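For reference, the structure discussed in these notes is given below.
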């Protein structure tokens, strides 16, 4: 702030815009806006798609001639791809939108890779770590957290779009706003993962929260969906207010909103400690709500159950990744000075979360609700990595969130398949004998559940292993023991469910799950990832390890 | 340079008296002019040409019984008209009544307070004024006032956006929020010799938006939906009488005067004008004269609108605000900003280029104006053949009712007869 | 007592800013308490307006008149009007809102008191000395004190400006805000644009009462996917038939989904627009 104040008021400081630092987000952002316009045309998509595509191609060609080839290529590909989709699916706006959104997310993933290779640049010191980059006047930090969260969030959204396409059609809630909102919430999530000051964190949080509130209430005539939306909105607003209050106190205590400066200021003696601590507590409450740690989890089951299932899948996987990204950066960059306070606090929260979530998951009758409690439990596991306060813990958390995301996506994908024929909630008892009637879905569901339980050879196992390792290294044996305990409880339950599916006889007239291309593809991809990450974790683990570098 | 105490006192006294006087004259002038337009005489008994009619009306209103209906929310019912009057007075505070005056060796402008955020102050007071209408309607605990209150507050809030954007382009062009800076920026000649440097010329669309917006903001015909007699009896003030009704009246007419003063200040150069080589000491006085003249033109414009135009239908009013005025104002704000940046970056930019850019921008604005109207007529035609149901859709009664029958001449006593 | 002593000291030192601060602070707090204790909800909302105005006053004492007037314009002038709109249109019953149970209220009061106490304790020390008052006369913070917050200048003993953001040419603080917003905070600013986009889309989705995209699952459960048995689902029915003005819903509307009283009132205001949207 002071730097700005002393600047000559007559000189307009035009900040250097490091476009590459947020290049991956540009693809979904622009695609969301174009898709919104496409939606207005009511069947004459080419009116918007053609000029938008042309502009994108032109921009891409210009970029290629200027130097950055990959972004240019992505722009050209998107510029060609969207009109092509319009041409291929005339008068089917929702299909065009799904394809457009998918392409944008692929583009974002490609750009993330490009960023990793060129901009972030693996450090030449042999450590294999990326060199973090601070951009946009310090508002944005392009470090490991940002990089890995980008992968998780974009991948999640990319899988969710085909998963949910048929479901939205069936329930007739394939509104034109779904894909744009989804893309914008993805942008918000990535923005919060890259945010390096309190203001950016808050605005980004609101971007994706607001989009999710609306997406939860998509089913206008479904009262549970409406309830879910309202509940999420009201409680989310309260949590945001608390978070904002905490941020204000932090600013008051440290005189800065930049995380790095806060981190420095909190180590100084002159910083009023009580104010900072109050800020920290309030921020923890606010963030704890978003990642559903236990005392602040009350919204989760109702919201997850009521929301359209594909949105639930997206929320469960992506929101958690984004929330933990901000937790990691906040606590490791801004709050090291208060470590003695927040480490025990978060550790206790994690312990309660793991036990309580596992216990309540046991007594659920509804599959979606059960997965909601499971997601709460998993927030507890991921927190172990945070309270380890080490490089290993950091990379473990990031890695854990990816494994959790693929597992939960697979599970929700199977629910989508079941729900589409059952027209409503899927009770656990209805799963009896599913292995006989449709072995594919039952197999995929069991696999995903095993991954969520953390059994080998699935991704969940690899995730838990790394997190627990980090916890042990940090001397948090008690926490790890609680974690293992809660996993055992969950594993018992998931295994019983799998047994129910394969060993018991199906009920009379039990409906057969729907198989559609998008759904099958989505489930297949997540199941493949579950296996792949479980058997061959090295590739992504390496990425996660290389991602430990933080912007100071 | 310490200012002696009598200067601010004098400023405050003179300015407030001046505008109150103008308001009183406006009420009289309106009745006279509208009467002329309807081939009547209007008030002509009290004083020369009936000029003192407002005074005696005021006295009458003051001594009339001020009834409070039984079911109203008493506290808010009482506070609502006060809010209107107070907001009206406060918004006057930042508006000068002329150029600089030199008196007893002190040079000052006749303004109560030249705030650093003067322009926004006016807008803010306008938005506070909404409460008066809104709360008055609600506190009456009666359906028509409630509808009137809701309608007009929605109207005011909507038009505030357009107006705010129009003001934003003035602010950007002038580079200051201070009223005196904005006035100073318009002194001298504009892009050609002999053409005044008034912002109304480079910012013409913003000027238009502001003028339309100010009519709506003041709740004046043809946008006086709040008190549409044909539909809502008297609108938000149906249940009011006596002094409190008088306060609503005063606030409404005062806002006409203030709005005129603001538009003159922001867009028409305030007190700027030829001084005919008068000595320095009189220049300020002449400026005050110019200011008054310009203001009277606008006040007259308000009166003419009232006499000539039928009332808008509510949905069309909202259409106009949201689909035409706001886009136009927004585009022009952006264009203005681009101009200002261009001017800074390329100071030697030729007039030709500027004119070209201006015409391109004008085309965009024109297109927006047309495209705002088009879907309605090119659409499915539901609207044209079958007016939408509900109490708002009564355009025929609207047009017949206002401005043609003397009964709608809404001075205080007439109104009392309509709604006893 | 501390408060009074502080106020007295401030008056003695001639800083009218501090007096104003206390006036506005008490007003803001009192109004805030009134918001949650008023029995009449409209009165409560009006108290919130008073609170906003008092906070605008606090901004003034921080020498940020631009922020102050924007607070009046946006919060008091626009947002609260919309608030009142909703309250008045829905006709919220006062009793509905006060049905909180006593235990919850006691807990809330205790929690609030605890937080307030902690905050008071935390702030009294470092934030209340002479250095906390911004402006050209403000001394630099001593040990255990914190520089003033706001746009005022921080000056050392010799009158040199050493901190703060006071700028004579920019007394309203608008240029300062502009510079901050478009240099250091460009990224959150642009994100805020996305936020508004999302909010607008959400508002449109929630506000459009008559969906032509027909009802989903729950109705289907109640009525069957093809209730009238003519072989077309309601999607097709809805799409094939032009919407007639005044029609309150499609044929297959779920029971209980009829427009409520409140909808009726909205109709009066917004009906024609709605027709075209349909």
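We just call them A, B and C in the order they show up, numbering each chain from 1.
As a convention for this text, contacts are C-beta pairs under 8 Å (C-beta built on N, C-alpha and C of every residue); 3 or more make two chains touch, one makes a residue touch a chain.
Keep in mind that what you see is a predicted model, and the values were worked out from it rather than measured.
Where touching is counted per the definition, the chains common to chain A and chain B are C. In terms of C-beta pairs in contact, the better-connected of the chain pairs A-C and B-C is A-C.
Chain centres defined as mean CA positions place C nearest to the mean of all protein CA atoms.
The centroid of the Cα atoms in chain A and the matching centroid in chain B are 51 Å apart. Taking the mean of the C-alpha atoms as each chain's centre, chain B and chain C sit 28 Å apart.
Residue positions of chain A touching 2 or more other chains: there are none. By the touch criterion given at the top, residues 115, 118-119, 121-123, 125-127, 143-144, 146-147, 149, 163-165, 167, 169-170, 175-176, 179-180, 183-188, 191-192, 194-195, 197-199, 201-202, 204-206, 211, 213-221, 235, 254, 257 of chain C touch chain A in their complex. For chain A in complex with chain C, the touching residues are 1-2, 4-5, 7, 9, 13-15, 17, 22, 29, 33, 36, 136-140, 171-175, 177, 180-181, 184-185, 187-188, 191, 197, 199-200, 203-204, 206-207, 210-211, 213-214, 217-223, 249, 252, 255, 270, 272, 274-275, 278, 423-424. Taken in their complex, chain C has these residues touching chain B: 40, 42-43, 46, 49, 65-66, 68-70, 72-73, 76-78, 81-82, 84-85, 88-89, 171-172, 174, 242, 245-246, 267-273, 275-276.
Residues of chain B touching chain C in their complex: 73, 75-76, 115-117, 120-121, 123-124, 126-128, 130-131, 134-135, 138, 146-147, 150-151, 153-154, 157, 160, 164, 177, 314-315, 318-319, 375-376, 379-380, 382-383, 386, 388-393.
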